[in-house]
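I have a structure here, written as structure tokens, and I will follow up with some questions on it.
Order as written gives the chain letters A, B, C and D; numbering starts at 1 within each chain.
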Amino acid sequence: MKNTFGSSVALSVFGESHGAAVGAVLDGMAAGVKVDEHFIRSQLTLRRPAGKISTSRVEEDKFVIESGVYNGRTTGTPICIVIPNENTRSGDYSATRALARPGHADYTAYCKYHGFEDYRGGGHFSGRVTAGVVAAGAIAIAALREKGIYIGTHISRCGGVSDRPFGDMAADIAVVNAKAFAVLDSASEQNMLAAIEAAARDGDSVGGVLETAVTGLPEGVGEPFFDTLESVLAHALFAVPAVKGVEFGSGFALADMRGSAANDPFAIKGGRVTTVTNNNGGINGGITNGMPVIFRCAVKPTPSVSLVQQTVNIMDGTDAELAVRGRHDPCIVHRARVVVDSVVAVALCDMLAMRFGTDWLVNI
Amino acid sequence: MKNTFGSSVALSVFGESHGAAVGAVLDGMAAGVKVDEHFIRSQLTLRRPAGKISTSRVEEDKFVIESGVYNGRTTGTPICIVIPNENTRSGDYSATRALARPGHADYTAYCKYHGFEDYRGGGHFSGRVTAGVVAAGAIAIAALREKGIYIGTHISRCGGVSDRPFGDMAADIAVVNAKAFAVLDSASEQNMLAAIEAAARDGDSVGGVLETAVTGLPEGVGEPFFDTLESVLAHALFAVPAVKGVEFGSGFALADMRGSAANDPFAIKGGRVTTVTNNNGGINGGITNGMPVIFRCAVKPTPSVSLVQQTVNIMDGTDAELAVRGRHDPCIVHRARVVVDSVVAVALCDMLAMRFGTDWLVNI
Amino acid sequence: MKNTFGSSVALSVFGESHGAAVGAVLDGMAAGVKVDEHFIRSQLTLRRPAGKISTSRVEEDKFVIESGVYNGRTTGTPICIVIPNENTRSGDYSATRALARPGHADYTAYCKYHGFEDYRGGGHFSGRVTAGVVAAGAIAIAALREKGIYIGTHISRCGGVSDRPFGDMAADIAVVNAKAFAVLDSASEQNMLAAIEAAARDGDSVGGVLETAVTGLPEGVGEPFFDTLESVLAHALFAVPAVKGVEFGSGFALADMRGSAANDPFAIKGGRVTTVTNNNGGINGGITNGMPVIFRCAVKPTPSVSLVQQTVNIMDGTDAELAVRGRHDPCIVHRARVVVDSVVAVALCDMLAMRFGTDWLVNI
Amino acid sequence: MKNTFGSSVALSVFGESHGAAVGAVLDGMAAGVKVDEHFIRSQLTLRRPAGKISTSRVEEDKFVIESGVYNGRTTGTPICIVIPNENTRSGDYSATRALARPGHADYTAYCKYHGFEDYRGGGHFSGRVTAGVVAAGAIAIAALREKGIYIGTHISRCGGVSDRPFGDMAADIAVVNAKAFAVLDSASEQNMLAAIEAAARDGDSVGGVLETAVTGLPEGVGEPFFDTLESVLAHALFAVPAVKGVEFGSGFALADMRGSAANDPFAIKGGRVTTVTNNNGGINGGITNGMPVIFRCAVKPTPSVSLVQQTVNIMDGTDAELAVRGRHDPCIVHRARVVVDSVVAVALCDMLAMRFGTDWLVNI
């Protein structure tokens, strides 16, 4: 199942950057979940390029819910959302079709699809495909909130600038979810924006790290051996374009710790089992322990840069040079945030439905 | 599918640390693959605790191939391998059943299985379950080698000591696959062993980082959107106990790079498309580009330490203290290596069979 | 995966009878398959109600290919086809919302979705959802034909009237695929139509049996134990609304045969292994043997009849009476034919891709 | 996933007739289900050849539960059951290796596995593989009974002799489950046995029809579009060797009925919604309606007959003759009954767990 993720709640994506539309089908969501089109729109806006630091291609991301919603609630049957492509300028791309853009999927798509791929603007490999993910994900995010499960992602690092770590989880998640540029410390935003603009001036781009917290998950979610919560979330996260690393809890820093420091001691707090530290990111043996689930994604710098790059002509197998023209972002870290939240929400809805049944999300 | 991984080639695991046996079923492997029991045995030996730095529980890991192999070759039907448990000392564990070991799955398994779990020695969450993975994985590793695809994993870091990075891929993979303690630089081994022994003397443990290279993979393997090669490999890798982070290519270091440096320029070399650098770890857009696939796993320090730890009594909900007794390793990084190779081999066999058909592995 | 079928080539459906649209996503189809919109249209026409014996709701089934097709060929990425609903008259249904139509899914959908289902016109359970299946299936049917694999279905029985069985496979498949009312013997058509019209005059409906032949399949397709070709095809066939029985080869008639008669003797013919009879429908042990694959589907009579029926009010739990008003067909057997062909084509594309690789369908 | 069935509760089978063992892995079953080894043994006995009408190969089917059961209850982790093969006489088969037995999988397995298959006694295609299914199925059957869900299968027809249909469901299910030769009418047994013995005297074999009833299922189980209850059950049923037809409710007889007769009128009875008739077999729109689920399987006559048959030599491609020697049954209908119950039980546990959560089966 190539473009589909999930077992009980499943998300399928379709679409190409310069085709008729992009979109998604969300199947298996409980019947009776409220669908708020304003929230879908606001999530799409967070994903959309905007402002000085983003591409000049501005689409309004008008979406059409083709199925699965009736009287403002999910029906329990598949929800198809189509987002028409507008304002596409294919002329930008056809001239350089033969020149594989370094860091992009042009060459690998050519190998895989033998030249039949829709190469315009990256086709199915364009970040634009994530619009469908975000629209469907908004329904999953809202459903989880009704159950007291909150997801928040901040830009932990961008262009070499760090944000402060999560502190008070509930408050910090609320803070980042209210922001277009999701940082916890406002000073970070200024410094990150400055770094992004500096790269843009150089015809270059920057990457970063997104850190996500999920609160309110019940204990006991996740499966041995192959469907650990880490496995399932990482599967979804590595589908997000540009993500090249995922770590849970203290992640790679655990490699240099001793067991006595890395282990999270258990303690009774308010009558509940908690851990004193959270180096394991709320997951032991692949299963939630009731603490916040914490993870980080490394987002590589946008591969589209206007600097001249060395490449090959995939048609005739010769060396070549390329300066990527057309619209592109010097940074997508801030935009990827809402894509991360979306795939995580769908993955969690799936795991919760598998564990507690399809109606659990709606308290029936 | 909880304990099963893969679509065309699928691996299922079963077993508990102190039950009758552990084992695995490998289904969908092409018919006609040579099965070398000596190689299976040698792989199991690499996984097995041994020497000063490992637990004193030494089992010979006798395995029985119950099905799927005839006349020394795979038949195409499921291969079930059973590895009986011997030398189990359940008495070690029952006394402390109520005290959840920090960093282990005791508490989460209790939440999930309501006390019906086989808690002895960690039960199904014990590292012992990986013996079945390694036995089945050996068949997959050997099949890939016949096709010129080689997997090699070295201990990139352990106990705060770094090994040198991969250089000449073919040579270095051969080197690490010939070693019980898989480092590229012999000096690293001495320093790592010293760090491990120091931790052991303190009743503590250490973690590390495993770095893996895969050579010989054809271009065009991996799927958009949700079954990128990164997604599928990370899914398998996070199933390996103690893995808390996975990164491809330059991984988290990409977050601080600019696009012009992170992008891997293409170049024709020997008539083939190659990349000059390999920051993307041989994967663009989730699909192989023909360069070596490179990734790293963060392995947390063994949670079993003999130091006194704070915990809770999960039976009566009170705070408690615990010193983990019984056999345990001050380090499992060197043992996890062969488990990583095994799950990667199975995942690759699956993706290759999905792409090129079930017979591709045997050239029929 | 509720509304999705297949592993390598997968079909997802969405939509409700009176919502915005119905449609389907076909993922995993090889890149480079020719997409003929005329053929899709003609297949949709075969499914569409038409003439005296069908409902007066006539929609043109305009379809939009939203993705996955470029320059007239598949790109290898998901093909989303949306078929907008037009000419819906919801007023027909709302008045009787509480009265579950016998033989329909009204009551079971209510139980499952707790009243949140889109009940208008049967919602997601309407036969209209099969339009998406047929549109996507047309691409699969055409792809198989390029490989010499032909599917033909005739109305073996309808309203108590029998058609002649398949004789010359190649010729008969061509005959039925050229007909709107797919019978092999023209006299059968007249008698069946008379039976249908008689039922219509009585405010009643009729059922029938569809018989399908598939020629050109290579030997060795199908999997033990759980993915036999019969299992996979039956899974797809029982998804077709109104199908209540599926049999392969001589099917239920085998129950009364002796082994010596039921076994199909092997014989060399033209240098190839063939069978003298085909009681097993081209499948031994769940795997194709190179003979035509033959199966039959029992299609129950359309549950919508205008006669007064006994039912219950699902809102207040009382007994009630119901005469189904609005548009409905006295027979859907002739329309179900193309749905059967479509799901079979997708299932076969999937099994062939799993067996021989994703490019096999396009000879690359 | 070739030899695995199910999503939340999944069954994998392995083994060959003359290899070391056959067996199964049942994963995802709720923790806390009582495992009664006596019941497993009694179910295995029902499957085992016995008496005058069965093969002289008598194995005691000693089984070993390798994992997943602790203190007499399921642990929630995979249950592996191994059934060693004993009393195998491979010499019976090797001489005729090249001669494909008509009606068997010898030829198709050869095509699929290129001669690497374990051909002895049918290898993985032998009915013996169903022993693992039955052992694992016994656990699922027992779990369902604890929830008030009962499965009963009788031999509706065998050797041309019919049994009476189900009448009082609860009583009749109890009756058939207490019998080794599962008929409702004792006179049927004598006549069926006489027919079987007559075929045996002729060196021939007979087939039959199994009819199954499932009571106690809640409403709302089953999924549109592709995972209808009929689709999922048929998928499992067609995996049972020799099953060539499956029909639900009145099945193929519905093809000749009118809608007014085929529709099952709803009526309130004892405060519950029921149907007056049950032509739809307890399933509307692919979803349970609370009535007993009823279906029938056509079982073809055992292909092993001692009469001389026409066949081919698959090694040299010449015509040949064959008289199957060795042990074989003149009838397997009575033995297939418990295999049908087993796959149905696993499929239902899976669908119930998907619908209501993994703990539903144990009331936690």
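By our rule, a contact is a pair of C-beta atoms (placed from the backbone, for glycine too) under 8 Å apart; a residue touches a chain by one contact, two chains touch by 3 or more.
This structure is a prediction, so every number in the text was calculated from the model and none was measured.
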Going through A-B, C-D or B-D one by one, find the pair whose contacts repeat those of A-C for over half of the pairs by residue number.
B-D
Measuring between mean CA coordinates, which chain is farthest from subunit A?
D
Would you mind pulling out the distance in Å between where the CA atoms of subunit A average out and where those of subunit B do?
27
Length of the line joining the C-alpha centres of subunit B and subunit D, rounded to whole Å
38
From the mean C-alpha coordinate of subunit A to that of subunit D, what's the distance rounded to whole Å?
45
Where does subunit A touch two or more other chains at once, residue-wise?
1-4, 7, 13, 77, 112, 124, 224, 359
Within the complex, subunit A is touched by subunit C residues 1-4, 6-7, 10, 12-16, 19-23, 25, 27-28, 31-32, 64-68, 70, 73-80, 82, 112-114, 116-118, 123-124, 359, 364
Can you tell me which positions in subunit D touch subunit C when the two form their complex?
1-5, 7, 11, 13, 100, 102-109, 111-112, 124-125, 129, 157, 160, 199, 202-209, 219-220, 222-228, 230-232, 234-239, 241, 243-252, 254-260, 262-268, 271, 273, 275-276, 279-281, 283-290, 298-305, 307, 309-312, 314, 317-319
Contact residues on subunit A for subunit D in the complex?
7-8, 77, 224, 354-360
